[in-house]
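In the part that follows, the structures are each spelled out as structure tokens.
Here come two complexes built around chain A, the first alongside chain B, the second alongside chain C.
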Partner chain A sequence: MSADLIQPFPSISPSTAVHLSQQAPQILQSSSSLSLPYPLSLLTSTETQETWMTYENLLISCLRTGDNEAARRCLDELLSRFGEKNERVMALQGMYEEAVAENDKELGAVMQSYEAVLKEDPTNMPIRKRRVALLRSMGKTNDATAALVELLDASPTDSEAWAELADLYFTQGLYSQAIYSLEEVLLIIPNAWNIHARLGEIAYISATSSESSDRGNTAKVLSDALRRFCRSIELCDNYLRGYYGLKITAKKLLDALPRGGKGAIATSDGDLPPPPVETVEKLHEIATSKLAEIVRRGSAGEKGWEGYDEAELIAARALLDKDEEKVER
Partner chain B sequence: MAQPVVQTIHRDPALFYWILVPITVVMILTGILRHYAMTLLQTTPKKQTLGQIRQQRSLMRGVNLRINANQLSKSSFEGRKAFLVEAFKNGAFLADPEGRGKPRPNPMTDPAMMEGMMGAMKGNVAMMVPQTLIMGWINAFFSGFVIMKLPFPLTPQFKSMLQSGVGTRDLDVRWVSSLSWYFLTLFGLQPVYNFILGSNNAANQITQQMAQMNPAGAAMTPDQDPDKLFLSEAENLEVIEHQPILDGVEDRLLARLAA
Partner chain C sequence: MGLLSNSLNLTGVIFLTHAVYSAYEHSLLTSSSSSSSSSGEITSLPLDITIETLLSLLVLCTGIVIGAPSLRPIQWAVWASSVEKEDHVSLEQRRALVEEKVRAGGTVGNPFAVLDQRNGFLDIRAKRREFADWVREGGAAK
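Up next, the complex of A and B:
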């Protein structure tokens, strides 16, 4: 059995998901082969926590790849083990029903069933999250945001929900709210380097999209982004997204920073001043060379350098190529 | 002192089959039975209301902010601090805002508390009853038997542990009496239960008693007044020294990558 099946599901790439769902028939078959009569079966129970984790992940993989039949069988196993009142299984069942729903009317029926459940038991967090996800996939972004904010008011230590809220705000272009939400995630899991990098990305995008005339503010936001990327690299060596972000941010920041006199931009509210120009230049150089190394070794598949996302490698190479062209000209 | 003469006792081999084996088997079976009895007796913990969840998790949020404050920049930390301190002091997150400042009700009159105590009682009864029964059974039928000899020498201090029920002063420590065998199995069968029932079993009362000694969930026991907890957390937040982790991160990174 693949190790991917016992890990939490969001870490699985699409190709692995296809691979996993192809294994579904074998796994489903192997589980229901032998069982002893009642008193003996108590002594030989082979179920572990991984067993049900496997079923859950298999169900999600099958839904992702459109294999609804196998998903139904996984769901039936889970239902017969945990019953219909288990919150987690309820959410999985909801997910299945969402997946098999063919039109908006059926989705609406699923939504109504969620609301009925929540009316009965407002503490059912998995169903609340499903409701938010369904609202979002139906295109009702504002409703989804409102529902998520309500959820987070009741349960503000849920990092998953904060991250989702950040993404929702980001898609609506509300960058400062997205940054706030991501900072909440960091308060819960302080060493998540991907969140640090994501914060940097959003800060960078907000600085570039506004293009305000206030150079000081832009430089401040950019240097914030720069530091976030630095932190993500500090936490995770050879982190491609971190270096990529560091490179583009440093470049942007070099334009935004006033040349010459250091510390020209005073900060009013006690935040950190932008770093000196020389440091930014050095960081830019290092990021460029590191990025080149990662692209070279990662695409060659050297030992210890596997696991980079193909698309990210291509994007990094494109960025480096663009840079070189400019130099040649 | 001269080397003591090695004692030999001629035992009926039936002692082995009719005392040692039965005691062991009965002890194992009781453990398994107790495990399933506990599983049946267990009441599912009462669900918290949404307000209680909110109260508890908001407090956790304050704790998280205090612990991980350094991840934030100065301005965003100050904003959050001001918000949370204000809300904590006003009792905005309390599950029961009207009950603020009132003394806690007597836990004996609170039905939820009674339920919790009943759960603990049930567990204790499930421990005590079979233990008493088996002890009585062994005392009635098997007391005074010497049933086996340990294959290794021991110091005399073990005498009281291994030979309870046999009042012979000169008997070598290596001989084990039936009552002592009962105690040994009582304390030493945990690995066997782990093997049979999985590591998360409720068969052994010793581990259960240990678990009762230090109850989990120390973050918020129901005895404490949540309002007081919020106020003390607000105070903790106010005095915190903020040193952002992003301060000088670029120099740290440069120094590390250059090395």
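Up next, the complex of A and C:
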């Protein structure tokens, strides 16, 4: 059985999806051998935990590439193994129906089936999540947010749902709510370095988008972002995303901080004051040199430095080049 | 590394078996000879069998230690850095990693990447549109 279907890359590119779904015929063929009645089938079955993970991933990548027939066969295998009442399989079936629905009427029917299931059993979390996803997909962002908040009321330790809520708020431009949701994720998983970096990114975006507001507030949000990026670097050595964010944030913060007079920014009680200018300058220097090192050694493919995303390296190099140009002028 | 550890283990097992068998034979020999001479004294093992036992054990231990999988980093940041990179390697490398680590009951790549990806909330219709656009732009020709 293919290894890359057991645990595929987190973000599947279209070409990878094609590659994955092309394996469908042979995997489906290998499964449809003879099967004995129940007690005997226990002796002959060769299924492992990975078998069903493979089917699930295959189903999703077939749906992505539009291969509905193969997806249907994967789903049938899952249905015959786990039955129609299994929550996870129910959600996968719902996803299949969403994908093959051609118009809004059919999508509405899928939505009604979700609601019927939830009326019977409101604790069916996979279906509740599908319902939120479908609402979002249909453009009803407000309804999706309300449904998700309700879900989180019932299950406040679901980090995936908090992260989704943060993304929903972020797309609506509600940055402080998005930051709050991501902080909830960090309460559940305090060491997730990518969430720290994401928090820094959202704080940075919120600081740059609200140009009109007073400098003090901008500096405060930016220094929050700076701290988030620092934490993500602390948790993950040579983290390109963290250093990139640290560099642009430090640069922006140097503009926002008042020169000379220390403590000119009034802080409301309980907040940490923004870091002194010298510290920010030092952080900027460190980030620049580290980024240069990562770009140099990462694109040369040195041992221990491989495994950086090509696009990310190019973006980092562009940032460094832009910086150099300014110095020369 | 695999070959070296396997050959060391094999050598160690052969010599250990030989030493044990020699000791057994020796004990038979002394017991039969001692019964004829009717003296209850316990004779010690010859020096060469003792040395063979110890050496074979040493070889066996070395082989097992060499054959052990590489240790995982104990510092969070170092470990995080190594798993972060596993998400951006080539397809072949990824396949090898999955073979090696998932079969051993582990996971590959950043375990927190699910928070960026959120499969439970996957918007399958958007993904299908994205894929169709990619095909239209001639991505399949690659």
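Definition applied: the second predicted complex is superposed on the first by the 300 of 329 C-alpha atoms of A that agree within 3 Å, B and C clash if a C-alpha of one lies under 4 Å from a C-alpha of the other, contacts with A are read in each partner's own complex, and residues count from 1 in each chain.
Convention: a residue touches a chain if its C-beta (ideal position, glycine included) is under 8 Å from a C-beta of that chain, and two chains touch if they have at least 3 such contacts.
Only a predicted model underlies this, so the values are computations on that prediction, with no experimental measurement involved.
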Fit-or-clash call for chain B and chain C when the two complexes are aligned on chain A: fit
Which superposed partner A:Ala133 touches (first chain B, second chain C, both, neither): second
First, second, both or neither for A:Ala178, with chain B first and chain C second: neither
Partner chain(s) touched by A:Ala316 [first = chain B, second = chain C, both, neither]: neither
First (chain B), second (chain C), both or neither touched by A:His19: second
Partner chain(s) touched by A:Thr279 [first = chain B, second = chain C, both, neither]: first
Inter-chain angle, chain B to chain C through the CA centre of chain A, in degrees rounded to a multiple of 10: 50
Touching partner for A:Glu234 - first (chain B), second (chain C), both, neither: both
Touching partner for A:Glu306 - first (chain B), second (chain C), both, neither: second
Touched partner set for A:Cys62, first chain B, second chain C, both or neither: neither
Superposition-derived comparison: chain B or chain C, residues of chain A touched: C
Which superposed partner A:Pro122 touches (first chain B, second chain C, both, neither): first
Overlay on chain A, chain C to chain B nearest C-alpha distance, Å: 9
Intersection of the chain A residues that touch chain B with those that touch chain C: 234
Chain B - residues contacting chain A, complex: 36, 47-50, 53-54, 57-58, 60-61, 64-65, 67-76, 78, 196, 198, 244-247, 249-254, 256-257
Contact set on chain A toward chain C in their complex: 2-4, 6-7, 9-11, 14-19, 50, 60, 63-66, 91, 95, 98-99, 126, 129-130, 132-133, 136-137, 159-161, 163-164, 167, 185, 189, 191-195, 198, 234-239, 306-309
Parts of chain A lying in touch with chain B, wherever the complex brings them together: 42-43, 45, 121-123, 153-158, 180, 183, 186-188, 190, 224, 226-228, 230-231, 233-234, 269-272, 275, 279-280, 282-283, 286, 290
Interfacial residue positions of chain C with respect to chain A in the complex: 76-78, 80-81, 84-89, 91, 94-96, 98-99, 102, 107-110, 112-128, 130-132, 134-135, 139-140, 142
